[in-house]
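Next come two complexes built around chain A: one with chain B, the other with chain C.
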Partner chain A sequence: MKKKKIAVLLSFILILALFATGCGNNQSAPEGDSGPGTPTDKKDVLIVGQGADAVSLDPHATNDQPSSRISKQIYETLVTQNEEMELQPALAESWEPIDDLTFEFKLKQGVKFHNGEPFTSKDVKFTLLRGLDSPHIGHIVGSIDPNSIEIIDDYTIRISTKDPFAPLLAHLAHTATAILNEKAVTEFGDDYGQHPVGTGPYKFDSWVNGDRVELVRFDDYHGKAPAIGKVIFRNIPENTNRTIELETGGIDIAYEIPPTDVSRVESNPDLVLQRNMNLSTTYLGFNCNKEHFKDVRVRQAINYAVNMEAIVKSVYKGVGAPSKGPLGPNVWASNQNLTPYEFNVEKAKKLMAEAGYADGFKTNIWTNDNQQRMDIAEIVQNQLKAINIDAEVKVVEWGAFLDGTTAGEHDIFILGWVTVTGDPDYGLYPLFHSSQHGAGGNRSFYVNEKVDALLDQGRTSVDPAVREKAYIEVQQIIKDEAPWVFTWSGEDLAGVRSNVKGFKQHPAGHHKVYTVYFE
Partner chain B sequence: MTDQLNVNMSNEDIKKKSTKKRSQYLEVWRRLKQNKSAMVGLLIIIILILSAILAPFIAPYGIDDQDLLNTLQTPSKDHWMGTDNFGRDIFSRIVYGSIISLQVGFISVGIAMIVGGSLGAIAGYYGGKLDNLIMRMMDILLAIPSILLAISIVAALGHGLKNVMIAVGISSIPSYARIVRASVLTLKDQEFVEAARAVGTNNTRIILKHIIPNSMAPIIVQATLGVAGAILSAAGLSFIGLGIQLPTPEWGAMLSSGRQFIRDYPHMTAFPGLAIMITIFGLNLLGDGLRDALDPRLKN
Partner chain C sequence: MHKYIFRRLLMLIPVIIGVTFIIFTMMYFTPGDPAKIMLGESAPHTEVAKLREELGLNDPFFVQFGRYVKNAVIHQDIGRSYATKRPVLEMIITRFPSTLKLAALGVLVAVLIGIPTGIISATKQYSLFDNIAMVIALLGVSMPNFWQGLMGILIFSVYLGWLPSSGFNTPAHWILPALTIGTSTAAIITRMTRSSMLEVIRQDYIRTARSKGQVESKVIIRHALKNALIPIITVVGLQFGYLLGGAVLTESIFAVPGVGRLMVDSIKARDFPVVQGGVLFIAITFSFVNLIVDILYAFVDPRIRSQYK
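Up next, the complex of A and B:
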């Protein structure tokens, strides 16, 4: 009897719970949260909701978006890129090239770390050397020659690369190269990721794992002091909940508004939807090491068989745009004039037959549990049936996904890439150069000597015209050789309450919140 | 002469036994029929089984007939329960989903019943150290919440319908072991078992022919309720993404994929949710009715 009651109860609860998912936990409305109707001048806490918790606030321990969005407020880099991706001085006041390999940086004086230590060139050297040892950010600082970092005086430093490396400055603007304080890092040791110390406008206050990270204004900040005293980054993984929190005033800014909620946020007079094309690209890649996908005809056949434009429209509902190439439209030297593969099942069948796979084959599509990517996988699986390819969709947990695709266990996979620096080197070299197989980023295990040569040329040449020509050609080859099906150029959607001013999204995804004020 | 007499006697014996047996089941059926809610439950289960068998004839569309131009349609004449985010007909998917749910329910309960039942029977009949060993192992399994156990098993074995059935089956083994052991304990000292032992029947035969049939009542009840629990666990596993593979129309997975649209298109979650609820409800009503019908103390 009891069992039965419990079972009936459970089934009811299951249904009810689903209808009630919207009513997330709102009991933790933090102090200072005025809500509608209360005078705004009292409000001194900004609450930002994002879809995942930070992994670590040690910039060398991770390279993921949720972490760097918080790190951006705590740390500063030598140079920085504004929302238009133009280089700006930050901790370095000025810089000049000494020769093809070396830059000299003049550092800003009078800058203090959150622990009171003064900022000097020693910290820069310490940071870069530590970053070079990190497996997570190797592709960002790897070009720097560790033996060449030369301290001229407390506020002058020279940094050289092993080979000429055109995008060095853009790399030094990456949040992963933010300057750390040696004393703080040594003091906290392995726990440093939970006790970050930077020079930024906000200093770390507390971290409730899986729930929120709280930051408070750093009073000795060397730049313009932020208007708001406290910032809270809340982790709200469920998309619907994040939108509801924004609607009800539980949070002031919501990152990553899902495509399904766009019209809801747009039509709400209390909310503003900020839309900006970002530097990300989502793609469907083939593991070119696998028997079937070694044949370029099979890869092209799938490009013809999949109606990617319709898929993107259906899944992303007008957010972002179907990709035209391996680089997003905002990246410099992005080739947007490639002729796309048309949707043509007959042509695809012909290519499959030529490759000897008229009867198709079995394969798998790997994706992580990102909703849109799972949806794409399911539609692609369906469309591949037309050319007799029997694909199994494997939804793999993020960590296992990265490990598995690094080891090359996958056949087809869906993944994204953010060209954080806005430079094509960052968006192409790790993904297509044959030296970058697996962990480096080339998870399609694509090899092409011409591509390698052109990518090397683009990386080492200092003449922008030469670089541009090389990159345009690389993108043409990649389209023709089809290691990818180009999928989606990303767009950042942030929902902002209408009393929040001064917020502007950064194309690389790590938005500044220290310029925000309430009205 | 003597021979013939013997044969006659045993023939008569068999006849008597079978009439008695039939009447016993008839009696249970008679009592079950009186229980209205149990009959409602039975009706629901019959409809469910029929829809599973006749799925290809009932469902107007296939399980993976995507139509990207007709996504997220609300219920209409063409699509009785609307379409999902890929433009697939939800009604068809729910009909096909009944196959999956019944498979999961019956097979995983079958696994649990056979393994758990045998272990329980052995433990109860032989007693002693063996009993202690088996039942302590069952206690260990019981100490872990069954859904957690199922999650870990699926995580270890990998996704897929087969592994879900194994996982749900294994996680409900202990309850069958305990029920069977308990009834074996009460039965093994009864006269008819002693009689069987006295005429030299071996242990296996005693367990299979005398003890198990007489302890069926609680097992049937537990199994009926267990099917409900198994369907629910499988739906739960699929809901959190550990169950079946896409695009299998499992109800829990359908619920889960409708979740992101719940505010604008609640029909995507409502219908699979209702399907789960009604099925569990029916099984529970039937199980409850069977319990009453099979309980000799409630004879009127």
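Up next, the complex of A and C:
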């Protein structure tokens, strides 16, 4: 009897374990994902590792990078930008401006959605109107006038903006404007984000929440069919582990290789490290509304007093590059010929004395809990002591950071920006136009009428030469007036197994994997 | 016994209400606006306002809490994630099997290592085996899980190439995470088994059993272990309960899509409905594990069983 009871106890534990191991998703490992060193005759599965799971595959429900990277394979936009950020036709075969406000697009015929529905101009109108309603992508489509989207016929559509808006095409190339199918969206309702339907080379297959998203080749794709039948996006949050998975063959491509693993990937003969400058920039901004920073000489003095090149090299460990201006090098019309402020403490002291602050002053540097930004803040705090500025570093929670800098509570702040469209309007207008103070993006509260006028000209002129001239001048003024200390231009690092060919990183971070093949 | 179980289940109701209210209040007053966090630094103010309205964040605390309770009670709906728009219950249920699997395997490893080691250590107190086992147990308790996990990956995945380093979809993937959790839990169980056994084997009835000429193995298993089991079951139950709440570090290191990581990600993103649902789920699971442990006491000890009647 007693033996029986102990047996019951032990059985209970075992049954519980067996039950646990038996339930859940019994998905077998896909080909090529059955552990390290597993030989496969013909590899037809590409496995990509990224640092987070997708949030939603509805392009209007989110704007995060992991989701966009997957959406890029499922959906297509009217126009697209290649890896050199040049505009190319996609679902629109051609386009022409009708007037200052309107573009007419001729759509590609014979295109099918993954649910078999034909692609027509009705889908474009539906998508744009739905996007305009979404709080997540308003900054991408917000310039479009919802009342002036005009269907000419099934394959011709006119899109107008509320005001002249030259960068419209660059905005329409963003993954957030991917064209959706009305029937699919209506059918799945709130659950559409887990049942995406696009016109792209891969269609959605399955999603193990928190673990992986699987896509399969869409056989009716209108363009060149991808060479690989199945793509799996795995969520591997630990940076080191992503690199190990790449080394051991568990994945074929690893995004976001951490700076500490660069030499490991570079020295491994089975791996290739791809390094490409992206569209992000990090900067140290001054609140120009604050007494001390109203004086341009103080802002310039800090630019001279901070050895930003050395700071960036030590903080980012050789990844990315010190910024040369407010725009990254991949952004069109980026002025990379600006003469940087040299590290010159004497000159800084002289400017401080001229401004009446020879004895310095007390200030604060706001940052969120991003490790690199906190490191930068501490080094800057230390270097500012040389010109008698006593800076307190305030590490503020992200939501509170955005609230505080919107309200102008900060003195100096560290923040980043990604010019996702690759157009200088997106990277300059919100950050420096006086109409954008606070929540609009101009947290420096910088005002310069000439800059406003040039940014307006760049936004409204359809002549690229006029735009380029305006933006080059804006960047020169910003450098001279120093509302920022230019800090860091970001770089994307991807590790790729050497048998993986045809992969190239996109500066916007939405890399195509449908061009990839195995050698 | 049935009455006892029923009473315990009834007690879940105030637990659920209390936990719901506390977690709702805590999340409400946590700094950080979910809308701002979701939309990021480049979102215009108008879009943040639009999203706040859409998520119902502009309503007063009691309106929001009332709506939550009403939907939960009447429609059995604990909301949708702010970020993914998925039903919270579905998100938790899809993640739970991985957590349950990890916890069960971890506890299984721990029990298989911990109880026999503890018994041998107690019966051969101060022997070489006992000393070595206790040093290893001390190391096991002291070693952080993430370090142990990373070392496991380094040895078995990188150098030996025997096991995959991350993921959780085949038995080969389960081994390293289960060992990581199991070995640290085993250390606790070993120490508890040893001390509990040491207490029991000095009792008079053990001496009586031996003096009757009972075989030593029977004395240990039938008389000593059985009486020492109550604190061991308590520790195993507690550990299992904790692990069901998600072994966040182990889940992160091995990319296991479990409840723990879901919770941490949701807290960071201020995804209130998922955090509320997750905490509620963990509280209920923990209560159930406690109930099972209490029932197990009755199986092991007739004195306790008689109290339940």
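Assume the second predicted complex is superposed on the first by the 359 of 519 C-alpha atoms of A that agree within 3 Å, B and C clash if a C-alpha of one lies under 4 Å from a C-alpha of the other, contacts with A are read in each partner's own complex, and residues count from 1 in each chain.
To be clear about the criterion, a contact is a pair of C-beta atoms (placed from the backbone, for glycine too) under 8 Å apart; a residue touches a chain by one contact, two chains touch by 3 or more.
Remember, it's a predicted structure, so these values are computed and weren't measured experimentally.
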{"item": "Partner chain(s) touched by A:Ala377 [first = chain B, second = chain C, both, neither]", "value": "first"}
{"item": "Touched partner set for A:Asn209, first chain B, second chain C, both or neither", "value": "second"}
{"item": "First, second, both or neither for A:Ala301, with chain B first and chain C second", "value": "neither"}
{"item": "Comparison of chain B and chain C by chain A residues contacted", "value": "C"}
{"item": "Which of chain B and chain C A:Val197 touches, first, second, both or neither", "value": "neither"}
{"item": "Which of chain B and chain C A:Leu454 touches, first, second, both or neither", "value": "neither"}
{"item": "Partner chain in contact with A:Thr240 - chain B first, chain C second, else both or neither", "value": "both"}
{"item": "Contacts of A:Asp369 with chain B and chain C, given as first, second, both or neither", "value": "first"}
{"item": "Partner chain in contact with A:Thr260 - chain B first, chain C second, else both or neither", "value": "first"}
{"item": "Set of chain A residues, in rising order, touched by both chain B and chain C", "value": "3, 8, 12, 14, 19, 21, 240"}
{"item": "In the complex, chain B residues that touch chain A", "value": "64, 66, 68, 71, 85-86, 159, 225, 228-229, 232, 235-236, 241, 245-247, 255, 259-264, 266, 269, 273-274, 276-277, 280-281, 284, 287-288, 291"}
{"item": "Chain C-facing residues of chain A, complex", "value": "2-3, 5-6, 8-9, 12-14, 16-17, 19-21, 23-25, 27-29, 33-37, 52-53, 55-56, 58, 61-63, 135-136, 138-139, 142, 190-191, 193-194, 208-211, 234-238, 240-241, 244-245, 247-248, 250, 397-400, 402-403, 406, 415-418, 420, 430, 438-441"}
{"item": "Chain A-touching residues of chain C, taken from the complex the two chains share", "value": "31-48, 50-51, 54, 80, 83-86, 91, 94-98, 100-101, 103-105, 107-108, 111, 150, 153, 157-158, 161, 163-174, 221-222, 226, 229, 252-255, 257-258, 261-262, 265, 270, 296, 299-300"}
{"item": "Residue numbers on chain A that touch chain B, as the complex places them", "value": "1, 3-4, 7-8, 10-12, 14-15, 18-19, 21-22, 239-240, 258, 260-261, 264, 310-311, 313-314, 369, 371, 374-375, 377-379, 381-382, 392-395"}
